[in-house]
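Next come two complexes built around chain A: one with chain B, the other with chain C.
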Partner chain A sequence: MASNRDLMPRESLLWIFAAQFVALLPQLSQLPLWIAFAWAFAVYWRLEVFRGRRDLPGRALKLLVIALTVAGLAQSYQRWFALEPMVALLALSFTLKNLELLSRRDAFVSLLLAYFVAATLFVREQSIPYALYGLISALVITAALAAQLGSFSARPRRALGLSLRLMAQATPLMLLLFVVMPRLGPLWNVPQDTSAGRTGVSDSMAPGDFTRLSKSDKPALRISFDGPIPPPEQRYWRGLVYSEFDGRTWRQGVGVDPRNGGQVYWSSGERALPQIGPRFRYQVIQEASRSPWLFALARPASDSPGVGETVDDRLVKRTPVYSRFAYEVRSWPRDSQTIPLPLNSAERRRNLQLPADGNQRTREWVGRLRRRGLGAEEISSQLLALYNREFTYTLSPPALGSDSVDEFLFDSQKGFCEHFAGSYVFAMRAAGVPARVVAGYQGGEWVNGEKYLLVREYDAHAWAEIWLDGRGWQRVDPTAAVSPERVRDGLETAAGEEFMQDSLLPLHRFDVLVKLRLQWDMINYRWYQTVVSFDSEKQRDTLQRLLGDLSPMRMALFFGSPVAVVLLGIFLWTHLTGRGRKRPVVERLYAVFCKRMARAGITRRPGEAPRDFAGRIAERKPQLAEFARRVTDAFERAAYGGDKEALMELRRLLRWHLRLFLKVPINKSQLAGH
Partner chain B sequence: MSVNRDFPWQASNTGSTASKSSRNFFRGLSERWLSRRAPRSRDITLNHSRLFILPTRAGLGYLLVTALLWLLATNYENNLVFALTFLLISVFVILPVHTFANLSGLRLQLIGTEDTFAGDFAEAQINLSRADKRQREWIQICWPPEEGAYVDLCEESLADFRIALPALQRGRIQAPRLRVESRFPLGLFRCWSRIDLDVEFLVYPRPLAAGPLPLGEAMVEGTSGQVRRGGDDYASLKPYQPGDSLRHLAWKQYAAGRDLYSKEYESRTDTRLWLDWELLDGRDVEARLSNLCYWVLQAEKQNIAYGLRIPGTTLPPSLGAEHQHRVLAALALFPRWGG
Partner chain C sequence: MSSNGFAVQKIVSAIVSDIGSVLLGKERQVKLALACLLSKGHLLIEDLPGMGKTTLAHALAQVFGLSYKRVQFTSDMLPADILGVSIFERESGQFHFHEGPVFSQVLLADEINRTSPKTQSALLEAMEERQVSVDGETRALPQPFFVIATQNPLQQSGTFALPESQLDRFLMRISLGYPTREAERALYLGADPRQQLAKLKPRIDLITLKKMQSLVGHVKASDSLLDYLERLVLHTRQSPDCAVGLSPRGALALLRAAKAWALIHNRGHVLPEDIQAVLPSVAGHRLQSDGGNGDQLVERLMRQVDIIAA
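Entry: the complex of A and B
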């Protein structure tokens, strides 16, 4: 049974509930709803117990509740070994702990669990608001810990103030640890959060897919350049290549999709690089997309770990991008490359594949062009001219039927990138020219303050590549034929009134807000660059910047000096506070005398008057009587009369006696006394 | 102040239990070390040489959580979890300073002790004060395993409190070292000091009912007691009244030319209350002392003057708090059988 002081006062109880609430709140959207209800019910029950209206649940009831929660968890989660069930389990364990929250020990367990639950929030997202919220959680949980000590500490201002003070004092050390503590890299493969839907460019392209993206202004990529920056018309960030068409949807197809037989070179050395140097060097920071596609300019190579290169000149990540991911890329534009090898037959077949039937009008139209003896490039320019003459770029095209290419090319003639790219590749393939649809992002907004290119979801784009013998894959953007602004100035200009039409708040219409958003993005970018993506490489760079080179001597100085400063501070502090009231010289001298007497076998009793002590010494050791008398005399005169002479004499006496003691061994004098 | 220092022979009798515990070598060793490091005094200021500090079990649990968080951060390569982990570790690192500061500089003074009866609690009055401006919270002062007192020094700079020690045996009890402990601010560290405030209690024997007061059972020469008229002792003269015994006429005064007086006599059988060792023949020493103690309390309650006669000590009958204390002290300090 817990002793009385271990029982929980009301304030402490409320603090625990507050800490749990703070830790749980941001998780609620992810957790099954019943957990929230279970928590609220447990809190209600515990408060009823506090009011004396109810008893804590008995053992049978507790077992039942545990069985129910386990069943509930099994019902809610199929996979056990993943982050979400773990968070749910932690949340449930402190929920259940509430039902037996009795002693200080229970409170500690509950609050330590709360720390952990609060931390799992960061696994979901590492943005600035989340970081701030996490800090607040830590503050509240620490305050709740402090509040467990007594009712004075449990006062809200006191507890929070104390917690804030502790955190503030801990911050310098935390920063130091953050910078210098080695990052080991994952010790084992961890389950990732897979709940949220995929965003960004998807695995396949069906009519309407890009409309969804055009409605989102969320950042997708942030690209900073080391050296030259590609002009706007060259900013084609390739992510996916669609080679397979089933009459309606474009897919990557077998042999191209890295997850389905496509070949990936996981280290850049495996594939021969062009002889000349790369034209662009840049770093891409990609937002979580929950798919493995990375985005880069044509013919990329990357040395970042976990990044591979496909045969069709794209970058992929070994595991899906579950959280922001940064990678370094070098790119060689196609025109800088040497003459490529001819397309092998499998590639050729794949890039000429068309459904057996359907879209007859297009096939016939292309057939007429071919019969006129036009080459690949002429057919392409005919098609582009057609787009340019007759077509309208719009974000809200009419719905298309089963022969979507026919209807688009000859009836509606209204659409946007996916329609143009799809119909173009269809037509080129029908003309016997190997062609493929490429999806990714095009363009981006230049952020001057931080010197990076901000690419948003609405920059998602689809274009085409055709194979020209002797020249290799060439990029063709049919959309540019209709709406050059789309390529040059981005979607906002091209779509005009249609841009972000359906968004709830047309924030992009307000200049100030647009600027503020850009500012906010800059802060985010900074945050990501300095904090979130701080890895062992950046750590080494930072240390190198701070220390010059990483010689053991410098490292020792760097780590040792703060420790030394702290230790010195503590030492000085304890000495200054520990001997706060310094005893007067007289008393210290007398203490020396007492110590010597103790060594000689006569200890001064607490509170014994000096005169009595001298008397006792005279009684037990007559040979010391004279000395003791003179010391006591001098002490009394110095201490109570303020006699300077006496002080000097006391000093002299003690010095003289020391010499005497050196001549007479202590144990001998002790023997004499007994 | 009720501590009496006039009984030096009792010192060995009731000395601190630890110094005698030869069976627990290490304990003795640590006590000796402590007594050198933190010597006995009635006025002690806590400083770094007297304070010890270690993490509590909750502190170890906290470390375990930081270790788990570090694993989480490492495996998910999550810098914010790293940051939180390091923040928690840093808090843990600076905590001992706060815990230490909560006790350091505190001054404890023994104000006094109260005598008690064996089987009861002996209380010491202690004053806790601080010279600086730092607030102190949640300081526990106790004789383990007793609960002791919890004291805060927040707005006020000094506090008086009492702490109790169960008194099991009569005699002069040297209290063991006091433990002054604090787990402020988060309960993750325990800072403590074991100080010897030189607390001594005089513990009277446990009162054991021994029947009614032994009134008139002891007959002793003395100057007080119940007076009966017509005894053997001359008391005074009074004017002669017819009927007075001729034997009692004061002839001497009459011969000197004064009136006829009659001498008045009283019997002086000593009926004063003596609480006598011999009255309780046949019981063992402790039982006798306990019974005597009981009688003392009864006599004091009934307002009957009483005296004490035990081997080695005789205290003449009297009444009052002073007298009671003397009598009870004599009982408390009666040498132990065989000791």
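Entry: the complex of A and C
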């Protein structure tokens, strides 16, 4: 049993609960609901103990609860070594600690766990609101810690005040550590539950997929350029290429995705880069998408670590993008490239693949065009002319049956990018032209005077690429044929009234709000640029900018001097304020005398009065007796009698004595004269 | 201090030698008692019976030429026995107040801890207020009013210990202790102290005494000295040794006693030695410790607190 002294202060219990609540709150959306109930139950039990109505649970009950919760975890997750079950385990152990929260040590354990739980938040989210929330949770947990001191420390103002002071004092250290703390590469990748909701473009395209995206105005990419900026009609951010069609859904197909054997060039230079260019250099900051696809203009190359280039001119990341990810890209647009090599037979076959049957009307229609002897480009322009003539761009197209291409092309004639791209590629393949669907984002909105381009989820787009012998892959955007403004001005203009129709509040209709949102996005962008993406490379750059050359000596100076300055400041501060008044001159002079006597072998004891000391000196060192007597006399008169002349005499005496010390011959009569 | 028209030193040495002739070898205690009288405080003498407590008190009264009364405290004593009582006089048909022994300039309260707390408290109240209230009438005590109380060590049977609040009323508590061998031999050889006591002549008059008492207030205490005093007092309040620190009244008493001590030694300013000289007598009964008595505590206090600022 803990001794009475070690029991935690009763009134600090609520603080501990507050700290737990603050730490758990953001996790609750991710954790199974029953954990929240378990926490509430544990808190309720502990409060009953607090009110003296119940005892803390016994060993048997605790074991039972542990068994139950472990079983519950196993039931909820079915796998152990991933982030979510581990966070859940932490949250649970933290919850169950309430059932034995008794001593001050228990409280400390619980609160340290709370810090840890609060920190796991940043594995998932690093945006400004979460950072602020993290700050608040640190404040509350620290206050709970401060409340453990006892003697009314749990009063809200005292605990929070102390916590605020501690945090304020820790801030300079935090900033210093932020700059200098070595950024270690990931020693171990946190396994994440990949089944959890993905956002953005997916690895297959079925009719209706893009309507979902068009309803979201979440940011997807932020792109800042270094040098020339592509014109709006060229802003096609390629992410995925679909080559396989089963009559309804477009897929990547086998051997493209790196996860099922697709070839990826992980380091630049593995694949020969064009001689001239690149034309565009830019940095993309991609929001978490939980998938490995990155987005870039055609023929990209990237030196960012973990980023590779696929054979179909896309970028992929080695691990899925679980949190905001920034990468540098250089792009060579197709028109700047030299004549490509002819398409090999496997690629040709892949991009001509069609289901064995279905969509007969389309096949016949294209067959008629071919029989008229039209080439690939003529067929393409016929098709685009058809789109332009007959078709309507709408975000709410009618549902399509099993022969979706036929029905779209000849019956409904209403749809948006995915319908146009899908039907176009189908038709081109039927005409014997290698073609593929490309998905990604198109366009973007300038933020803050062309500082960066903000691409949102509703900018998701699908278009087509066809292979022309001698010219290589060419981008064709069938949507542009029916609705040029979609490409030029973005979805909002193209869809008009339909845009974001289903959203609860049509906030995009208010100019001020749109501006505010852009402002907020800019702040977020800055935050990410300066804080979240501060990796080892940026750290080195920053330190180099601050210090010039990164020699160990300079590093030591850089790390050591702030610490030294702070310590010196604290020392001076305590010295000047803590000691109260300055020591009077006469006492300092007497202290000099005492020091000299100590050197001569006689140390004054703290409580020894000057006259007693002089007596002792006379006894032990008779040659100093006269000097000691005179000094003591002068000191007494100066210090206690307020005799100004005695002070001067004391000075004189000590000066002579110094000369005596330095073996300077002195005039005896001079000494006697005073 | 000779500039003040009379030689303090001469008077002091005369008094000390006079009292020294009846109380042999106790010059220090005599000086302390003198300092106590000069700083208008009361004196508590704590010692075994037969050590010369009464002799000291009597001799002091004699040399100062003051009226002197002695009360032997017993357990059945009542406050009226000290303060006085109103008695109805048939001739005048009125109540007439008969002053108790407290109405004197020097009161020797012998064995104060033998009487009941009620009576003790009556005396101690008179000591502090320098006046007595009987039957709703307040009567001032004579000037100067100097109480010398004696008490037996507390371990003796039939004693009522004085509570701390009342001990605090005494400026000093001294104990006489056994005489030295030489002093004791001289005692054996000399005449009867009681006869010698009777022979003592007043050395100063009331006016001189009052003058000397007022001079105590003019003794200079420099900043350095007050710093030392402050450190001492702070140490008693902060040191884990002391259960209770020195009160502001205790600190003032210490300063006043040190001034008187400096005056007795013919100095116009207080030295740290003066404080150290009176410290055991002034602080000994005011300090308490968890273990050991106040005297040991004072001993440690003097060793630990530096005279000059660190």
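Here is the rule we go by: the second predicted complex is superposed on the first by the 567 of 674 C-alpha atoms of A that agree within 3 Å, B and C clash if a C-alpha of one lies under 4 Å from a C-alpha of the other, contacts with A are read in each partner's own complex, and residues count from 1 in each chain.
What we mean here is this: contacts are C-beta pairs under 8 Å (C-beta built on N, C-alpha and C of every residue); 3 or more make two chains touch, one makes a residue touch a chain.
On a predicted model such as this, the values are computed, not experimentally measured, just so you know.
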Touching partner for A:Ala71 - first (chain B), second (chain C), both, neither: neither
More chain A residues in contact [chain B versus chain C]: B
Partner chain(s) touched by A:Ala591 [first = chain B, second = chain C, both, neither]: second
Which superposed partner A:Leu568 touches (first chain B, second chain C, both, neither): neither
Touched partner set for A:Met174, first chain B, second chain C, both or neither: first
Chain B versus chain C as contact partner of A:Arg105, first or second or both or neither: first
Partner chain in contact with A:Glu636 - chain B first, chain C second, else both or neither: second
Which superposed partner A:Phe116 touches (first chain B, second chain C, both, neither): first
Which superposed partner A:Leu164 touches (first chain B, second chain C, both, neither): neither
Chain B/chain C common contact set on chain A: 606-607
Contact footprint of chain A on chain C as seen in their complex: 220-225, 227, 268-273, 276, 301-309
Of chain A, residues touching chain B in the complex: 3-5, 104-105, 108-109, 112, 115-116, 118-120, 122-123, 126, 130-131, 134, 138, 142, 145-146, 148-150, 152-153, 162, 166-167, 169-174, 177-178, 181, 183-188, 190, 323, 531-535, 570, 574-575, 577-581, 606-607
In the complex with chain C, residue positions of chain A that touch it: 583-584, 586-587, 590-591, 594, 605-612, 636, 639-642
Touch list for chain B against partner chain A, complex: 40-42, 45, 47-49, 57-58, 61-62, 64-65, 68-69, 71-72, 74-91, 93-95, 97-98, 100-101, 104-105, 131-132, 137-138, 147, 150, 152, 154, 183-188, 198
